[in-house]
Structure formats: C-alpha cells, structure tokens
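The next part holds the structures, each set out as structure tokens.
Each of the next two complexes has subunit A plus one more chain, namely subunit B in the first and subunit C in the second.
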Partner chain A sequence: MRFGHKYAFLLPGLLVLIAILIFPILFTVRLSLSGWNSYNPNLDFVGIKNYIRLFTSDARFWEAFFRLSFFSFTTVFLQYVLGFGLALLVWKDILFKRFFRVLFLIPMMTTPVIMTVIWKTVFHESLGPVNDLLSYVGVSYNWLSDPVVSKFTVIIVEVWQWTPFMFLLLLAGLLSLPKEAFLAASIDGAGPIRKFIYVTFPLMAPISIGAIIIRLIEASKIMDTIYVLTSGGPGTSTETTSFYIFIKGLREFQFGYAAAMSFTYLIIMIISLTVIVNVLVRVFNGRNS
Partner chain B sequence: MKQRLRHYIMPLAVTLGAASTASGDQWSDQFPHIANTGDIAGECSYESMSQKDYSGRTLTINTHAVPVMGEPTALHAESFAALTGATVDVIHTPAGDLYSKAMIPFQAGQAPYDIVFGFSNFIRDWLPYLEPVPEYYVNMRQMQDVTQSHIDVNSWDGQMVQFPIDGDRHYLKYRKDVIDNPEMQAKYLADTGNELRVPQTWKEYAEMASYFNGWDWDNDGELEYGSAEVMKKDDLMYAAFFSRSVAYSKNPRTEGGFFFDLETMEPLINNPGFVEALTDWVEATSYVPPGGINFGLGDEINSFGGGQTLFSFSWDDAFVAAMEDTSPIKNQVGVAPLPGADRVWNRDTGAWDDTYNQAPYIVWGWTAAVAKKSKNHEMAFDYLCFFANDANHQADIAIGRFGVNPFKKSDFVPEIYVERQGWDPQIAQEYSETLLDMEEGSTNRVFPLRVPGVFEFTSAVATGTSKALAGQLSPQEALDEVAAEWEAILDRVGRDNVRDAYAIGVALEDNLR
Partner chain C sequence: MRSFYTTLKYLAVTLWTIFVIGPFLWALSTSFKDFNSVTSGAKYIPWAQFEPTLDGWRVLTKTSAEGGVDIIEPFFNSLTVTGLASLISIVLGTLAAYALSRYQFKFGFVKNNDITFFFISQRIMPPVVLALPFFILLSNFGLLDSILGLIIVYIVLLMPIAVWIMVDFFNKVPREIDETALVDGCNPFEAFFQVVLPNSIPGLVVAGMFCLIFGWTDFFFSFFLTFTEVQLLPVRIVALNSSITPWWSLSAAALVSVAPLLLVAFIVERFLSKGNLSGALK
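On to the complex of A and B.
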C-alpha cells in the first residue's frame, strides 16, 4: 500500500508553517546580520556587529530585560494568588455564583489598549479620580511620573487586566478535580485549610504550572500597557524589552539592530521558560511527594 | 515692524476684495467651512478645482489621526472629491507611526499612498522617495505668499520637496491677566523684590513660574501652576528641550552649527549651554502641574488652554486653543518670543559670553509630500494645493484642534484675527508681530535637525533628557550619554553623510542663503 498521498495532505500545513513561522525567524536572523537603517535600506552583511553592540555596549537593553523580569514575575505571582483566591471563592456554592463568575471575567474581555487609556485617566495626577479621592485623607501620589510609583501603576493595571485569565483556568481546574480525594480528607477529619494544603493545591499543580507558564509568556511580551500608560517613562523607569525593541526598530528604523535584539530575546526567553517550567515542576512535585 | 505689516496688509486687502467679488457665496453655501471668507480666487481655489475632472481616479492619503491635521485632511478630501469627482481615501495614523508607515513601503519600493503627511524634519530620510514640487506650484501666487522660513523648511538644498501646509515655531504663551495686572505686579514686587513682566530670560521664567505655582491666583476655585510643558518621553519632548537650549547655545558669534560643529562633526549637545538648559528644565519639574513630567502635547494644550498654568511654550496650538470662543481664558493670554538668557556659551573661546541672547526656534511642523512612485502626481499636488488655498487656510487657522498654523505672509495681519475670531486687538497685534519677527526679523534662528537618521538622534535626546527629568541622571551625565550615543550614530550612518545634510541646515542658520 502506498502512502504518498499522505504527504500531499500534510503539504498545505507545512507551507503555512514555513510561511508564518520558519521564514520570519530565518529572515529575522538574516536581518540581524545586516546594517539596515533609515539611511541604508539594504540587506548588506555586517557579520555579528549588531550582536557585539548588544552584548558590549547596550546597557539599556539589559536594564529593560531585568525590569521586564521584575514586571513578569511580580504580576504573574499576584495574578496567580488573586486568581486562585477568586476561583476558590466561586468554586463552592455561594449566592449569585454565576453572576460573580461572569463579573470576574469582565476585565479580560475588554480591549487592553482602551482599558489602559482609561486607567491612564484614572491615575492622572491632577485630573484623575484616584488622587482626588486620596486628597480627602491628605495623600496623593505621582502615579505616572514618579520612577518608582509608576512601576507599581503598571503592575496594578496588568494585574487587573489579566487576573481573570488566571481565574478562568484555575476555576476550570477546580471544577474538574475528583471528589473522592476531598471525601477521604473529610472522613479523616481534615478542615478547610488542611484540605487546601494537602488536597486542593497539590491536585491543582499541573493546571497551576500551565497557567503560570502561559501568563509568563504573555507577560514577557508586555507592550501595549507600557506604550499607552507611560511610554516607558519617566526616564526609562518602566521601559521593557519589547518596548525598547519597538523604539529601535519602528521609531528609529534600526531594523538590523532591532532584529538582533529580537532574536537574542527569543533565545533568552526559550531558555528562561524552559528553566522556569523545570523549577515549577520540581516545586509542585515536591509538594506532592 | 508696522511698516512691514502695512506692506503685507495691502496684498491681503486686495485678496479679501477679490474674495468678495469672487463666487464666494456659491461655494460657501456648498462648503460651510469657508463661510467666513467665501472662495478666494487663486490657482487652487474652489472655483479652479471645480474645473478639474478626476472622475474614476483614486487618491490615497496617509495622514495623522483626528483631529490634529487628520480632521482638515479628511474635510478637504471630501471637498476635493465633491469638486473634482475623484475618490479620496484618507487613512489616519498615530503621530508616532507616521514616519514608519510611509518609510516601510518607501524602502520596499511600493507606493500604497499618493500623499504622505508627516513632520518637516523627516525630509532627509524621505527625500529619495518624494516627488519634488513641480515648478507650476512653486511659482504660483499662493506659494509666493509663504514666508521664506517655511519655503526653506520644506525645501532641500533649494528644491521644494514638501508642500507647505502648516507653519510652526515655538514661542512663549503667558497669562496677560496676571503678568499685566497691576495688583499682581505690586504683590510680586513686594514678595520677591522683582518686577513682574513678560520673562526675558529662562531664569525669570522659572522665578515667576515658581511664585505662581500651587495657588489659586485667578480665583476660580482651582489651584493653578507655573508652567505646562511637553515633558513626556518620546512625545515631542526633545523639541521642548531644544527650545529651552537655543538661548544658551545658539551664539550668533560662533557660526557653523548648533547641534554639531560642522567642521569636526563633534556633537555639541553636552556643552555647558545645553547643560544649563537641562538644569533649568529639571528645576521646571517643581513648577509644572501634578504629573506634568508626563505631559504630552495634548496635555500641554489642555492645561494651558484650560487656564491651569501661567506659562507655556511650544507650538501655536495651546495659544489658539486658549483664544477659541469656548475657552475660559479667551483674550487673557499673550504671546512673546521664547525667553532668552543673560549669557550664551561660546564654543570658540570655551567660555560664556556675558551678554543677553535670544534665538527663535523654527521648529519642525506638519507637512505633506507626494510619493515619487505615485501614479497620481498631478491630482496629488492639486489636492495639497487645494488644502492650503487661501479660503481653506484662513478657516483652518481659526480652529485650534486642526493644528494648522500661520505660515503665509498674509497670516500676520492682526485685523483678520480681530474681525474673524474676535481677538482683542492688542493680542492680535502682539501675536502677528511676534510670529512675523521670528520668521523674518531674526538672524539668530535655529532650524530643526534634518539629517539622515534624524529619529535616532532625537530619540537619544528624548531618552537622555527624560532620565534627567526623572532624576535617574544629572543633567551633565544625561547629556554626556546623549553625546556618546550621537557619536555612535554618526559612526553608523556615516559622519560625512550627516555632515553633508547638516550643512544645508547650518547655511540657513548662518544666513548664507
């Protein structure tokens, strides 16, 4: 029996894969080896010059990367804690359970750019309602114009926007947990806290790992919130890697260099996330054992 | 000055007379936007455009988002389509993406847009991809009315490649009801020992702005502040920094470059003049409204135009917004040249010249150009010519949100603002005189940086200065960082390439053309 026709069926998918994944990556690598900029729009060959510049003289890229790491870990941790809490809240039979389940999902359904514009208005130092309300207790903050406070403003907006995603995944996980383990724990006399520590949390490990990884991947691409809320400022205090690459590539038209940064960033993210997955598996498996 | 104004009033009177005898009623009935003037006779008037037939053809325009420049583009596109039978597609793009949205297809050899709107300092990077303005348009009467400064801004080495549609410079706006108020003057004198007047130097500006910061000096129940400025990173802030720098760094006795030493191409951005300006600017963070360090141009317009601050400086828009009928401070604002300085850096002697210095900054502004690869050159230039015809232009400059500002000699006649927009005659007089003097009176002007890779240079300035404003670096450290980055850009783009382009701007500054 001949199976040649099977490859014909696979071909369209393969071509799509090449067009949307393989070709862009290969082109990015080639672009990163060129000096393409506004004055020299050519795929000339400059070797690894762009990579040497990145690793030897661009402290701003690495500062942006460490800032991004801070944002990613902080926001995802908070989203996980809050999302888990909210999921536990509506997991059990409570009044208006369905209403709350929908309510908690609303932020995720809104458009991030539009919501960030609204948050920007909310946190506006002289016209926004937050400082107006805080003024009644004699307090006000420079939410967007203080290098330290602005970082927390970004975190607040990100946590508000994406906690529902974590909530959704974790709630789905909770609803799929087997009842037998909880019955056995009840028979053994375990209270709610012990049940959570020894039953719920370990059983949720696979879903937790998946949810955290998905959110870490998304958080590492944070761009629209920064773009709208602070433009990376004040100074460079909220500038992240993707925003910095955007500035170099699409604002300054340093395509060759931006490609080098993008490819380097991709490699770093693949390695980092692989390590993080392994660490998370060990942590959660450790709890299981 | 008055003589010069009279010189311009005469042609305007002729123009207005012509308007009244032209078919103004017919066209203004159909196009209410020009109700104040009716059609004004000219090569690209409504009457002239109605003679053209572009039926079955499509013009594609990439312009800014609504309202600034995007609204008049769309409005005039609709009129142009109605008059000529053309189909006009208008695409709106955020300001920050105008450059790349045109540049990417330019570099790829494509022409998705017949007309691209952008800032006049894009000129060097866009130059290879633009169709020069044909002689017919360069020589027509409408173009003869454009000030030489704006002919220069839209030309490259004597050839016009962008079509003048807007005029821009940075100047000082102030609250007349405070600065000219005898009670306030007496109070200020008693409290500080200084005279309250239109600030002549940036130091005076800072003293007054600090004094009037954080209290309700106009008794409207709200707190007012000293100054509204464009300080938000990457949102045109570098232009604001250059406005503050010209007084300290543009020395009429040292020709050959403001941004670079043309001979050596050494960046001058970290010399003591620029450092002094940045030091002043860092101090300014203490007298801007809360969150002022994050103000973009829109915030600045709203803040000063809404009566929140004593001073503002940048493009015309904040002043025009403040003078609109809906403004709470209409006819309570004044204009003056940018403040100067009591000393100016002399890079030849390596010391300060202790003499008063002031320099206008003919900043870049809106412009539009026709793509070389467009197949609709004639229709595209006709559209731009129609956009800037006298009737449209007169109507456009009265609407602050349009972002269209004076650039024609006939714009600098106070009477038009008094009669058509209800401005106080003295304010109209000051406005016209200040703007015209910057355009044609000064010989110590600074033109925008127009070199290959301009965005790399200005982006470095924005990053460095914003670090200083945020307290991440000292002014000297920040500008040293900018200078180092400029050196690296020079190496990448090519020192000679940048020098060749920069020499054209320096020739304008040194009055060699």
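On to the complex of A and C.
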C-alpha cells in the first residue's frame, strides 16, 4: 500500500493515453514503409521508397514547410507583440478595465473554423465589407484569390483568433509580478519606458518564453483556417504542411506516402521546437543579465 | 505629455475593440439578410440599407427535410462529446498530475519530468498525423461515426492540457497540507480527495475551461471521423459554406455556436482579476 498508491494516481491517465496513442504512432511508421494507395490497398513492404521520394523529388512538401514556418513565426511574433501591448494597456488604470479584459479574450473562445467562415464573407471580394469600406479610399484587394494578399488574409485571421491567448497568459503573468520591484524603480525615478525595459520585460521573460512556445506549437499545426479560408490556394500559395499531407493522404488516398510525410513532419517539429526552446531561453535570459 | 499618452492608450484600445467585434457585428447584420440584400453588395444597417428578415434564424430549428439546417442535434452532440471528454480528461489528468507533483517516479532513465513532458508533448502531434490511424482504429472497433469514438479521440487532445495546468497548480499547493492530513491518519487517497482536492478548485476550474474551449472548438477530428450519424456543430456549419453559401443562416448558426463559450470569457476574467489564474497558468 505504501508503495502502490503513487501508481494508482499516475497510471490510469498514463496508460489510457499510451493505449490510445501507441497504435496510431506504430501504424504510421509501418504504413510509411508501404505503398498503400487507392490502386494498391495493401500493407506491403516497399522499404524507404516513400522517404526517398519525399527527400529527393517533392519540392511541394518543402515549400509547404517553409510557408508553414513563415506563417508560424509571423503570426506568433505579431500575437506576442500585440498581446503584450494589450495586456499592458488593461493591466492598470484604464476605464472599464474588466469590460475590455473580457472583450479581448472573446476571440479565443470562438471556434476557429466557424469564425473563418465568417471571415471569408468579410473578405469576400465583391460582397464583403472590407473591400466595400476600402473602396471609399479608392483601393481594393483580392483577399482570397491573390497569391500574395491571401497570405496576409491568413495572418490577419490567425492574429485575430489567437492574440487573446497570448494576451491571457501575459496578463496573468503581469498580475502576478511582485510589486516591490516597481516600487523600487519608482523611487529611483524611472519613467514608464525605462520601467518596462529594466523591470517589467525581464520579469516577464519566463512567462514570455512559455507563451511563445505554446503558441508556436499550436501554430505549427495550422490547418483548419486554411482549409476553410483558401483551401491552400490560390494554387498552393497558402498551403501548409498539414494541409498538403491532408490532400495527399485523405484526398488522393496515397496513404503510404502521406504516412511517410506525417512521420517526417513530426520528427522535424520535435527537433525544431527543441532548438527554438533553447534559443528562446538564451535570448530572453541574455537580456535579463 | 501625459494626456498624449492617455489619448494614445484609448485610441489603441478602441482600434483593437473594433477589430475584435467587427466580424461579430457583420455576422449579426448578415444573419437578418435575405438573398437580395446579400448579393447586392455590402450592407450594414438593417431598415436603413436592407429589409431585415428572420429567415436565417428560422431555418436553424427545421430539419433538413423541411429545407432547414437543424443545428440542434449537432449542438447537443458537441456538448456531449466535449463535456464527457473534458470530464474524463480532468479526472485522469488531475490524478496523474498529483502523482507527478508529489511522488518520485523512475522507470529506467524515465523520471518525473520526462513523464510530464510525455503528457504535454502530445499537443505537438499534428492532428493530420493521427487522423488516418485513428480512422482505421475506430473502424476496426466499429466506432467510426459514433459519439464514443470521438470521445476517445478527444481525450488525447484534452488530457495534456489538464495535466499541464494541474501539475503546475499542485506544485504551488503547499506540501504541508497533505503531510498534515497523512499524520492525522488519512491514507493517501483520503488525503487527496478530502484535503488537497477541495483546495484545488481554482486550478480545476481553469483546467476545465481550457478543456472545454479546445474540445468545443476542434474541427478536424470530428470532420474526418464522422459522416452522417453523428455530426458536431463546427462540421455542420462548415458544410453550409461549401454549398451555395446561404450567408444568412451561416451567420446565424455561427453566432449560436459561438455564444456558449462567451460565458467562459467572463469566468476566465473573474479568475484573472482575482489573481487566481496566475497560480494555475505559468
């Protein structure tokens, strides 16, 4: 009993998670070594043929991956800057403080795909309000059908959806900061900008790292928004890795190849996120000292 | 100088407010339009610019046989799946988090931090990687297109969140609480359920809310693992998008689906302002 109880707490959750996950992961690996597609629906063994194809002759996958990196870094950077700014704005004395806090949280409570459907009507090129309002200043953009502009459309929607999450984590952090440091800075006669650079920002470093990492993880999976908003188009100009795998696997039924891409994607994600975490820790702690 | 700062501050807040509520106002306005008012260019103000109708809202309660959209059944499906999966995730996740926070584990080179990381790292898993194996797994057990199948899948999505928030929370609950209870003659389970758990309500509420948010807003798995028997709300609404696009019922349905979680925003803010959230989030 003295020995067993700790396992009674841990194991139910751990075993359930492992049980649900072990098959999918092993199956993905096995599938990636097969040539399963709609003409040949068999779990045969073709060795690393799929991986060779992926690494030598599939530029589209790598383009999608660089596009994903671009989207992830841009949106998370914007979310961090805007989220931090908003958190600072409603941190202290402002009228209707709690009203604005609730309001700023709302987008993250909404279902991304559903809001994206709404955004699609907002950005509609002839019937939507954005081009209608812009027409008063004499411009209009093809928000969904121009290969360059559509990237910004995706970024705008992602920033709208997920800045609140950053805002929430950073505001919770700001509200938990010790008051003594600010008091000391005030006594030393520091203005608001110096206070931010020398007190607030360094104290917020660990929370910032955590928030950025969480958002990068979630952003690296971006798929729903793109599926609804542009379906990866026009052409492949907004296609990300997840969406490309989705097309290959679940639209063209190249299961074996899609599994190889999935597994590669997962490994790349784990490696790059580990690197990013280490870089972030170093950057933020460097400023700190 | 000071008033300049203040002006700038309120300007920034106002701009962001417009950005946040813009799509909602547009959807609200659109939900009262009909075919003519939608297709004749962007219109904003009812009565002044277009004649409002309630058609967009009426079709929501009709079945598809009557030419409606029927979002009532998907609404309750979503509620069941999200609710049950959140509950199971919270129960299992909280127990595991408590173990990881209070006891030392060692399975070979695997220690507490590695186990915690294993739980949390499931969030890294891109849904598309799991989609196909889950499809085959569920179809083997005859759970495709069923509520139970979705709940199983959603546990994978939600338990990491519960563990992440609760480990952090339990680390901040003083150990003396459990030790006192143990000295007083409780066994470890009594100590947990009667002493530690009642002191962890804020953490549980926050973890529960995050599970509800991420469960309610998920689209990909329900899109891929269900067809006709069980449809969740996001799938039903996105399906409207692919047809001739009746913007009015689309907007009305979107507003209905978004409404329940607006309540969560108020609860989160209450915890935030009372300072309880900082204990439950890093």
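The working rule: the second predicted complex is superposed on the first by the 274 of 289 C-alpha atoms of A that agree within 3 Å, B and C clash if a C-alpha of one lies under 4 Å from a C-alpha of the other, contacts with A are read in each partner's own complex, and residues count from 1 in each chain.
Definition applied: a residue touches a chain if its C-beta (ideal position, glycine included) is under 8 Å from a C-beta of that chain, and two chains touch if they have at least 3 such contacts.
Everything quoted here is computed from the prediction, not taken from an experiment.
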Partner chain in contact with A:263 - subunit B first, subunit C second, else both or neither: second
Partner chain in contact with A:63 - subunit B first, subunit C second, else both or neither: neither
Which superposed partner A:145 touches (first subunit B, second subunit C, both, neither): first
Partner chain(s) touched by A:236 [first = subunit B, second = subunit C, both, neither]: first
First, second, both or neither for A:103, with subunit B first and subunit C second: second
Touching partner for A:176 - first (subunit B), second (subunit C), both, neither: second
Subunit B versus subunit C as contact partner of A:21, first or second or both or neither: second
Greater residue coverage of subunit A in the superposed arrangement, subunit B or subunit C: C
First, second, both or neither for A:125, with subunit B first and subunit C second: first
Footprint overlap on subunit A, where subunit B in one structure and subunit C in the other make contact: 126, 131, 250
Subunit A - residues contacting subunit C, complex: 1, 5-10, 12-14, 16-17, 20-21, 23-25, 27-28, 31, 82, 85-86, 89-90, 94, 98, 100-115, 117-122, 126-129, 131-133, 160, 168-169, 171-173, 175-176, 192, 206-207, 210, 217-218, 220-221, 223-224, 228, 241-242, 245-246, 249-250, 255, 258-259, 262-263, 265-266, 269-270, 273
Residue numbers on subunit C that touch subunit A, as the complex places them: 5, 9-10, 12-13, 16-17, 19-23, 26-27, 30, 38-39, 41-42, 44, 92-93, 95-96, 98-100, 102-103, 105, 115, 118-119, 121-134, 136-137, 152-153, 155-156, 159, 163, 187-189, 192, 213, 216-217, 219-220, 224, 233-234, 237-238, 240-241, 247, 250-251, 254, 257-258, 261-262, 264-266, 268-269, 272-273, 275, 277-279, 281-282
Residues on subunit A engaged by subunit B in the complex (per definition of touch): 35, 37-41, 57, 60, 124-126, 131, 140, 142-145, 147, 230-237, 247, 250-254
Contacting residues of subunit B [partner subunit A, same complex]: 96-97, 99-100, 103, 107, 125, 232-235, 289-294, 308, 452-456, 459, 463, 466-473, 488, 492-494, 497
